[in-house]
Every structure is written in C-alpha cells, then in structure tokens.
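These are the structures in question, set out in turn.
The following pair of complexes shares a single chain, chain A, combined with chain B in the former and chain C in the latter.
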Partner chain A sequence: MALRQTADELIPELRRYQRQLLLAGAAGAVVSFVGYVLNPAQFFQSYLMAYMFVLGLSLGSLALGMVHQLSGGAWGVVIRRPIGAAARVLPALTVMFLPIAFGMHHLYEWTHADVVANDPILQGKQLYLNTPFFLVRAAIYFAAWNGISFLLNRWSLEQDRTGDRRLSRRMQLLSGGGLLAYGLLTTFAAFDWMMSLAPHWFSTIYGVLIIGGQALSAMAFLIVVLVWLSRRKPLSDIVVASHFHDLANLMLAFVMLWAYFSFSQYLIIWSGNLPEEITWYMHRLQPGWRLVALLLVVFHFAVPFVLLLSRAVKREPDTIMKVAAAILVARLIDLFWLIAPEFHQDGVYVSWMDVALPLTLVSLWLGCFMWQLRGRAILPVYDPQFEEALGPIIDQGGETPRTAH
Partner chain B sequence: MHSPDVYGLMAEFADPNELVAAAHRAHHEGYRRMDAYSPLPIEELHEAIGFHNTRLPLIVLIGGIVGGLAGYLLQWWASAVAYPLNVGGKPFHSWPAFIPVTFECTILGAALSAVFGMLALNGLPQPYHPVFNVPRFTLASRSGFFLCIEARDGKFDLSRTRAFLETLGATEVTTVAD
Partner chain C sequence: MDNPMPLEERQLTGAGSGVPVIAPGHTFGSVTDKISAIVLTRRTPIGWYLGFMTAAALTGLLLVSLSYLVVEGIGIWGNNIPVAWAFDITNFVWWIGIGHAGTLISAILLLLRQTWRTSINRFAEAMTLCAVACAGIFPLFHTGRPWLAYWLLPYPNTMGIWPQFRSPLVWDVFAVSTYATVSLLFWFVGLVPDLATLRDRSQSRTGRIIYGALALGWRGSAMHWHRYETAYLLLAGIATPLVVSVHTVVSFDFAVAIVPGWHTTIFPPYFVAGAIYSGFAMVLTLSIPIRAIYGLQDFITLRHLENMAKVMLVTGLIVAYGYTVEAFIAWYGGNAYEGFMIWNRITGPYAPAYWALLLCNVIIPQILWFKSVRTNVIVLFVLSLVVNVGMWLERFIIIVTSLHRDFLPSSWGMYQPTFWDWSTYLGTIGLFLMLLFLFVRFLPLISIFEMRTLLPEAKGEQ
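Now for the complex of A and B:
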C-alpha cells in the first residue's frame, strides 16, 4: 500500500526544499557571523530569542506527541509524523545551544564576578546562579529531552517495521513520565535561560508561560505543515475538515492558555506592586515597549481568539493556515518582548540581527525538519489507533460519508 | 399527496452507519423535511440530513458579550461610583482587577444563553410529538436508529416514499399518525 512508502518516495520535492533551506541557513549563518563581529552583545540577544523560538517548535511538538500517546484521538494520528520529525531536530538544537553557552557573559549579569561582589541579592542566589551549575543543568535538560525523543522515535520506527502493538504500551508508559519530566525541566530551562536575564526578578508562573508558548508554537507550526501536506497525495485523500477543526480548537485552547498565564502573572505583580517585581514590567511597559505589549494583546490573543471562535475559519485549510502562520509571528514577537527590553531600557530598539537570526535559525531548523520527515512513512500506519481514527477511509477508498462532504 | 392525519414515515435502522448512509441517500434523493433520531450523538448525521447552520452561535456570542459587559460595569459601578475605596493607592477604576470577574461573567452569560437558546430553538420542552405514536420509538433513547421523512416535504408520497425507505435497508418502516 502506498501509505507504507516513506515520505521521500511520495513527496519528492522534500529533498529539494531541504537543500534550499539548509543553504539559506548557511548563508544566514555567514551574515550573522558578521553581526557577531560587529556587535557581539546584540548578536547573543538576538540569538537567544531565535533559539528559544525554534526550541519551542521541537519541544512543543515532543510534548504534544506525548499528550497524544496518553489521550489518543484522530487529531494526533494525522500529525504524528511531523511531530516526530520536529522532535528529531533536538540533537541539532543541542549543538545550536553552544553559542549561548559561549555568550553567557554577554547575556547574564550574574556571570560577572564584580557585579555579584557588590550585590547581596545575587550573592544569595549564587548557589543556583553560577556558571558551572548552569552548564550542568543545561546538559541534564538536553540529555533528558533527547533521551525521551530518541526512545519514542525508535519504538515508533520499530512499530513501522514489525507492526508490534506492544510497543504502543511502552510508548504510553514513557510518555506519562516524559511529560512530567518535560514540564519540570522546561520550567527550569526557562528560569535559567530567560528569567535569569533579570537576575533579581522572579515569577513562579514563568516556566508554564514558556511551556504554553511552546505548545502554541508547535501546534501552529503543525497546522501549517498539515495544510501543506494535505494538498499532496496521499494525505489529500485522508485529511478532512474535521481534523483541522480539532487541531484549530486545540490551538484556540493554547492561545487562551497563554493569555491566562500572561495575565495571571501581570495581575499578581500589578496587585502586589512591589519594587523587586514590578520593575520587570516597568521596563516592558514604558512608552515604546508598551506598544509592543499592546501588539501582543491584539495579535497574540484578541485577533486569533475571535477568528478561532468561528467554525468556518477552523474548517477551511487555507484560512486556518494563515491564522496559524500569524500566530507563529506573534510567538516570535512575544519572545522579543520578553528578552530585548532587558537590554534596551531606553525604548524600543530593533536590530537587523533581530530579523536575520530568526530567519537563519528557522531556515536551519526547517531544513533539518524536512530531512527528518523524509525518512519515514507519512502516517503511523501500524499504530493501534490508526484504524480507529482513519481506518474505514483507507479500507473503502474514500467511499464513506466522512469524505463525502 | 398525503392525507392530513399522517405526520410522516419512520424507518428504523440497525446501526448508526446505516442511518447516516440512509440519511445521505434521502437527502440526495431530494428529501429535505426529515429528522434523524439516535440514542448517541453521531457527528456526521446533522450534515447528512442537510442541517447546516443554526442561530445558536450568534445567541451564545451575544449572551457572552452581554455577560462580560454586565460583569465589568457592575464592578466599575461598585468600585468607582457607589463605594469608592482606596486599595493600595490604586485608581478606583483599575481595569486589571476587574478582568477575572468579567471573564467569569462572560462564560456565565455564554453558557446560560447556550442552554436556554438551544431549548428555545428546539421548541423544548415538548410534551407531545407525533413520533411518539410509533411504539418502537421508545428505543430511540436506547438502541434504535430512526429516520423520519415528514409529510410536509414537497416530495413526500406515502407509497413511493415508503418504497424508497425500504430500499435503504430499513428493518421496519412505519406510518406516523399526526
């Protein structure tokens, strides 16, 4: 059956896109290196933003894949392979973390011994915020994320070959613990890599704010990919409006979750109005940056929220793809607003590297994604849920009522 | 043509897939005034009988907006007009503090208008309906799947519609008295 062929055989243009994207990424890397020579501090700030964005695509996909292992449902079956391919970019992301480790001194105030010596608060936090422990923690995060992704992907590939259904049980068991580990480790990674940019400031909801953002980024990306794939055989015979409806509903839920976390943090800090907490918002809500914040309220929450309430928007692939793509742009602006005001407290400042580095890392990430997508069947044909979710359509060649409308 | 004491024809099917297939065929044949009855929700069924949009989403939207506005105005009136209280030196009209209650009131307004709007549009509660005259119809809440083509449909013809329903694989076709 055609479905058991690899994506490479079914969609030959994947190879060409992979090459073009990787070439674009390499060209971007050369241009970014010029930026590094000219202004290393700005380079690392832009790099961190771009890196957190692409990391969110992979980690969010990994988390959604684990949620689907536990919950089941047709929504996850149709995006399982893009989820796997996105998660398999993690080894490349591990290497791409190295510039952040090298640029720590430019990014994190608490790495400066002279600053810490004159700052009793930072001295108190030194047990956690110190360079060796920071690097050890990063190694632990990557080991765990890569380990979970490696095992899930290996078992899934094994199931493709042998059809052994016991592997599903194993993947479910790992996903239970894996989700817990993902939640804890990503919380701490968010504290380390982003929250500690303002080392005096703290917010316990910050970790889940980043996690919710990752889930939203991943879901928006997976919707774009699914629309793209559904215009080609064989998915054009399989993916129907109700799949997009389910995925778009989940995306709506993540949009609301992000808004809920963001507002909760704001409400609590605004109510308390304590100097050690409110300054973080004062940097981000002074005239200039306030405009960016407003942009986020409108385009990261209000507009997608209203659009995604409509059933017609959710069921029309072309429309839902545009909404998802706009959300991805908003996600990047959100990361920009979380990171950049820390370094540009006089007002809004957009460097050319804030555009060049996201373009570079996204090209590289997408190139790796295409590469990983090519090697396997485009649907998890042997998954026990496969027949339950999509089976009748395959058996009867699209004659069932499901595809008739 | 139909006699005035006939409400329609009721066909019973053995399982949900047959019901959906039959509804598709009936809709394809040109029947529009029909309704399907099933003990469990069937996702494809409402599209199969050609039932597309209702006004319910609009009612829910209006209910939500009214609820949200009412919640916000209530807080504004209480905190800024009727009983102004200085809390931490913040302005009397402090919108961030009003958002949680506004949100809850939006949900309340939307949920209540969904339930009552649905009942109003369905015409419920309805103590009498002609389909109750079919003895086996009590199974519609347990194990029976029914398709009823109503006599007010322009294409309805007692003998021809009955013959058509029988070709769809119905286990039993009954005339429904009005």
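Now for the complex of A and C:
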C-alpha cells in the first residue's frame, strides 16, 4: 500500500516547490532589507503584520491538531500530516521573531523612557510592559509552543513506525494540557505583541479574537493544502466530498466566531464610549481606514458566510479552495487593520513593504512547510481513527460512500 | 466489513471510548416497554409523591412570596440603590443559563451527529423549558407591576412611547421570548411520535384521548416521518444560534453599561460558556438520581455521564480563563475604578463569596481531569451541585459587588437578602422541580423512537 511511503516519494515535485519557495523567500528577504535601510519603522510594522499571519498558520494548526486528538473525527485524520508539518515550522518562526525583538523600539511606544516618564498610566504598567520581561515572556511562549509541538510530532512519528496505540493516549493527555497552555500563552502573546502597540488601550476579548483568527487562518490553509494534495495520488483515491464538507463547516464556524468576537468587542466599546477605549476604534474607523473595516465586514464575514452556507460550495474542491484562499487574504487584511492604523492615524496608508514582507514571510514559511511535509507518510496510518474514518473508502477503491443526508 | 456505516455518521460519535450509549441486549420492544412503562403501567414510586409534594410546597411558597410582592411592592426585597439588581437578576441569569444545556444537547449535538445525546435530549429540553419559566418570573416581577409588563414590547400606542431599542434590556425581551417559543416547539415536535406510542399503548380512555389529541394524528407513515425529519432538522438549525445569542444578550445587559466589573469585552463568550457549564451541571444533578430511581442505567450510561463531565471541564476552563483575563486587564488597564473593583472582590465585604466562587467553579472541578472521577456517579453528583452553587455565586458577585461600590464613596452601600429574597428563589427551585416531576410522570422522559434507532436492529435495516 502506497500509504506508508513518505510524501517525498509520492509527490516528487514537493522538493522542487520547496526550493523555489525558499529561493523566492531569500530574494524577498534581500528586497525587504532594502526596505529596512530606507524606512526601518515601516519595515517593522509590515514585518509584525506578516509575522503574525504566518505564526497564526502554525499555531492555529497546532491547536486544531490538539483539538482533534481530543475530539476525534475523520476531518482531522485527512489533514493530520499537514497539521504536523505546519506546526513543525515553529522553530523557524522562533528565529523569525528576532527582528521584532530588535525592532521593539520602533514598534512599541512603551519602550521609550521619555514617553513613560511623562505618562502616569504607562508608569503603572511598567511592571508588565518593560523590555526584559517582554523578552522573557516571548521566550516562555516559544519554549512552550515548541515543546508541545515537538513532543506531539515525535510521538506521532513513533506511532507511524511502531503502530503503538498507547502513544495515542499520551498524545491526548498532552493535548489537554497543551490546549490550556496554548490558550493562555497565545492570549498574552497577543496582548504583548499586538495590543500593546496602543499601550493605553485594553480589551479582555482581544486574546480570544486573535486565537479565533489563528484557527480560521489555519483551517483555510489546511483546506487549500488538502485540495492540492487530493489532486495527486494517493489522496485522490481517499479524500472525498464529505471530508471537504466537514472541514468547510468548521471553517464556517470559525468565520462566525470571528464575527461574533469582533462584533461583541465593537458593540460593547461603542456603547460604553469611554475615551480610553473608543480611541482605538476612532483610529480605525476614520475615513480611509473605515473602508478597510468595511472590506473586512464584507469579505471576512458576509461573503464567506453566505458562500459557506451552500452545500454545493462546501463539497466541490475547486470552489472551496477559492473560498479558503480568499479568507486567507482577508485574514491578512484583518491583521493590517489591527496594526497599521496605530502608526498612520491621519488616514489609510499602504506601503510597498506591506506587500513585500507578507510575500517574503509566506514564501519562507511555505518552503519550510513543504520541507516538513516531505519527510513523513501522507496519512497517519496508525491513528486509532484511521480505519474507522478512511477504511471503507480505501476498501472500496475510492468509491464515495453514501452520505448520511 | 459488510454494510459499513456511512462516513458522516462515523465522525464525532466518539466511537472507541468503550462504554456503549445503550446497554447490550435491548430490542425495539424492550426499549419501548421500559420507557413507556414509567408513564403507563408502573406504579408511581412513593419517592415521586414525596418529591412532588415537597416541590409543590415550595411552589406554594413562591406563590405566597409573589402575591405579597404584588401587594406590598419590591421593597420587600433587599434591593436598594446602589444595589438595584440583586437576587432577582442573579436568579434570572442563573436559570436562563441552566436552560442552555438543553438547547445545546438537543440542537448542536444533533447537528454534530453525536448520537449519544439521544437518551438525554428529551429530558434536557424539558429542563430548559422549566428553567426558562423560572427565569421569566424574576424580571417580570422586578418591574413591580407585572400587569404592565406588555409595556416592554414595542407596539403602537396612543402615548407614542417606544422602548429604547439601544438598550439590551429590550433585546433581552426578544431574546428570551424567542428562546422560550423555539424551545417549546422543538420539544413538542420531538415528542409527537412518542405521544402516538403512548396513545396506542394507553389502557385508559382518558389517556388515549389526551395523548391522542397531543399526537396530532400521527400514524407513522413514511410521509409523516419524512416531514417530521425535515421539521426537526430545521428547528435544530433555528435553535442553534439561540444557544449563543440568548446569553450573549444577557451579557450585554451588563457589558454595555460602564460600571466597573460589568463593562468588559470578554463577557459575551464567557457568559455563554458559563451558561453551558451550569446547564450541564444541572443535567447531571437531575439525571443521576432519575436514572437510579427508574433503573435507566441501560439508557443513560456512564458514557453519557462522562461526556457531560468532559463538557463541564472544558466550559469550566473557559470560565476560569474569563476570570483570569478580567483580573489581569483590570490591573493592566490602569483604570483606578477597575483596579479597585477587583481588589474589592478579593478583599471587600463580599470576599468570602468571591473565594467560594473560585473554589466551586475553578479549583474543585479540576478533579474532572481524572477519568476515575468522571465515571464515579456519586462524586459527579456532588460536583454538579458544587458547580451549580458556584455559577450562582458568579452571577451574585458580578451583580452585587460591582454595584455596591459606586464611583463615589458617598453612594456606597451594602446588600442584604431578606426573607422574601430567599423565599422567592427557593420557590422557583420548587416550581422547577414540580414541573419536572409532572413531566417525568406523564411524558416519556427518554425519546423512545430515537433510542430504537441506536439499536443494532435498526442498523440492519438501513
């Protein structure tokens, strides 16, 4: 059975794509460096946006993987390997955080001693918002995320080799605690890296909003990958419409969650209309930025929501891939809207680096992803759910089973 | 493998977790007999009469309390400025929250194809209805003039007065009344095929007439089933957003105000999680004794109890996340009033209630990480009571501690519940239990026809 072979053997072009993507990323890095020399402040702003986007792909995948360990279900079996590969980009992302650490002074107002000296509120926050503690916290976040990902991936590989079912139990245990750690640490990472861009502003739902965004990014990306893989052997014989249907339903749920969190935050702050909170929205809803906000309402929520209600859209790989890709673009625009208005308060401003840096980081991230995808079998054949989820399809030689409704 | 289950049915059923959702050895006939006998043939246990009478006595207390309230005014409660909302709104939110588990079990778990829900959904939906009935009493009587409650609704009137549509209190009227209506429809539509079973099996003429009228002429034809399935699925789709929307609107009641301790953006998801948390606790509180008394261990198995315990663990952790973030941001935000609010909760006059809340909602439920706890019926029962208390304390803390220390120290005050606060609250617990006792006695508390679909016999026919 071809399922035990690695993706590298089954899909040889992965190697070529990986090289091309990494080369493109390297070229992008050179161009971005020019941007850094010309306008370091803008470089770091664009970098932070691009970085949060690719970080979301990896962390969101890690979280979805842990959810699947606990909940089970066929939806997770078919995307388990892409999930693992995306999570294994985390060490590279750890290195890619360094520019943010070096660019702190350009990004975070609270690092300016003279500003803090004249601002009693920021003085009150110094216990938390100070450079050493910020870096220590980042180290803790990365240690935990990498540790969880490393262990889960190692046990999964071991299971691929030995078929030891007891490893599943161990992975479930780690996933329970891991999700708890992921939720808390990602919340504080969102506070540190994004919310503190506006150091006076605060919102208790902010971490949840970022976590929901990561889950949505990751799910959209995994759908794109699965469609791509399902056009090639062996997954072309295994992945059927109902898999896409399930994944698309989850994506729909995440689209709705994002809208729910975003709207709740807006409504509560708008109703309260307190100066310390509403200023954040006033920057983001002034003419110019308001247009970006409306784009988000339409393309981050309304359009995907309506499309994903349709059964036909969810079951057709070509259309669902387009919807998922569009959602990924919308995710990037959301991060742009969260970050850029803080620095361009007199109207909408798009720098060429807001395009170049996402392209660069996405190329590098995708190159690493392909590299990680190549090394392992394309499906987790020893997963306890495997037989149940995919056995009948494989037995029937790729016939689509009758669906329940 | 002959006749494999369709792919979609296999997912998320949690297959492989050992204990089955229905004990082996049952047939179509034995399932129908066992469940319908509780209503039709078995002698009503003495315990039922004792329980019913206790609950009815408490309901009497409720009637006395409410009558006195109408005569005397809401001054008989301890509410007073600055604490204008106290037991009444605490109890309202508590009861509404409890109802959410029923809707989640019946609608969301149906759409997620979680077949284990089948033996608890009917019962949980009935619980939702009773809880919503109890919840509605509090805001209604808190108006002080319940006969004018229709003023809450927007209707063209000679005074040209409309409700303030920007106020979540008005949204609440719509949210809760929609919730009650949809829950009732959903529950009743689900009952129709079983009512026909009771009609056909009933030995008494009165039974045949009453169950017959309620069964709406159900004959079980293929056409009936087809229409029924469509209607039920549609109602599930309509009920699903209600799981989130109702408690979201309830959270807006607090969050859109600028009171420290109320005005915080995490409230909507954290209220929804809390509602499901308390709701599942209540389902456990009720189902554990009922399965023991009526010998339903074959249908409500350890698997159900364990799954509910898992839902409680997850939602409990989300609630704990809410407390953590709220406390952190109260400090981080640098707003003196927010900071004081948290400090006052921790050390102020209501601190014992705050610490009890953390103990009940966060610390003790961590034992649910252990499988041995999740499958220990006694421990689960005690824990479900603890969480019920904890979630009540949470609402009390949010409402009372936030109000009793206003922005100006000159407007500070204390709230003490009076006898009538307690009697009204206990009275609604009585009403809730009395309605449930009646339900258990006169209607099938487990869906008979859905249980039959879980049997191996049903699989063979597919």
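We take it that the second predicted complex is superposed on the first by the 395 of 405 C-alpha atoms of A that agree within 3 Å, B and C clash if a C-alpha of one lies under 4 Å from a C-alpha of the other, contacts with A are read in each partner's own complex, and residues count from 1 in each chain.
Here is the rule we go by: a contact is a pair of C-beta atoms (placed from the backbone, for glycine too) under 8 Å apart; a residue touches a chain by one contact, two chains touch by 3 or more.
Owing to the predicted nature of the structure, the values given are computational and were not obtained by experimental measurement.
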item: Partner chain(s) touched by A:Arg315 [first = chain B, second = chain C, both, neither]; value: neither
item: Touched partner set for A:Phe261, first chain B, second chain C, both or neither; value: second
item: Which of chain B and chain C A:Arg137 touches, first, second, both or neither; value: neither
item: Residue contacts with chain A in the superposition, chain B compared against chain C; value: C
item: Chain B versus chain C as contact partner of A:Ser242, first or second or both or neither; value: both
item: First, second, both or neither for A:His283, with chain B first and chain C second; value: neither
item: Touching partner for A:Gly176 - first (chain B), second (chain C), both, neither; value: second
item: Which superposed partner A:Ser271 touches (first chain B, second chain C, both, neither); value: both
item: Contacts of A:Thr187 with chain B and chain C, given as first, second, both or neither; value: second
item: Chain A residues contacted in one complex by chain B, in the other by chain C; value: 242, 267, 271, 401-402, 404-405
item: Chain A residues touching chain B - in the complex, by the definition given at the top; value: 242, 263, 266-267, 270-271, 273, 309, 311, 401-402, 404-405
item: Chain A contact footprint on chain C (complex, rising order); value: 1, 4, 6-12, 14-16, 113, 166, 244, 248, 252, 255-258, 263-269, 317, 321-322, 324-326, 329, 332-335, 369
item: Residue ranges of chain B in contact with chain A within the complex; value: 20-21, 24, 43-44, 47-48, 57, 61, 88, 90, 96-97, 99-100
item: Touching residues on chain A, where the partner in the complex is chain C; value: 71-75, 121, 124-125, 128, 176, 180, 183-184, 187, 191, 200, 202-208, 240, 242, 245-246, 260-261, 264-265, 267-269, 271-272, 274, 276, 384-385, 388-389, 391-393, 395, 401-405
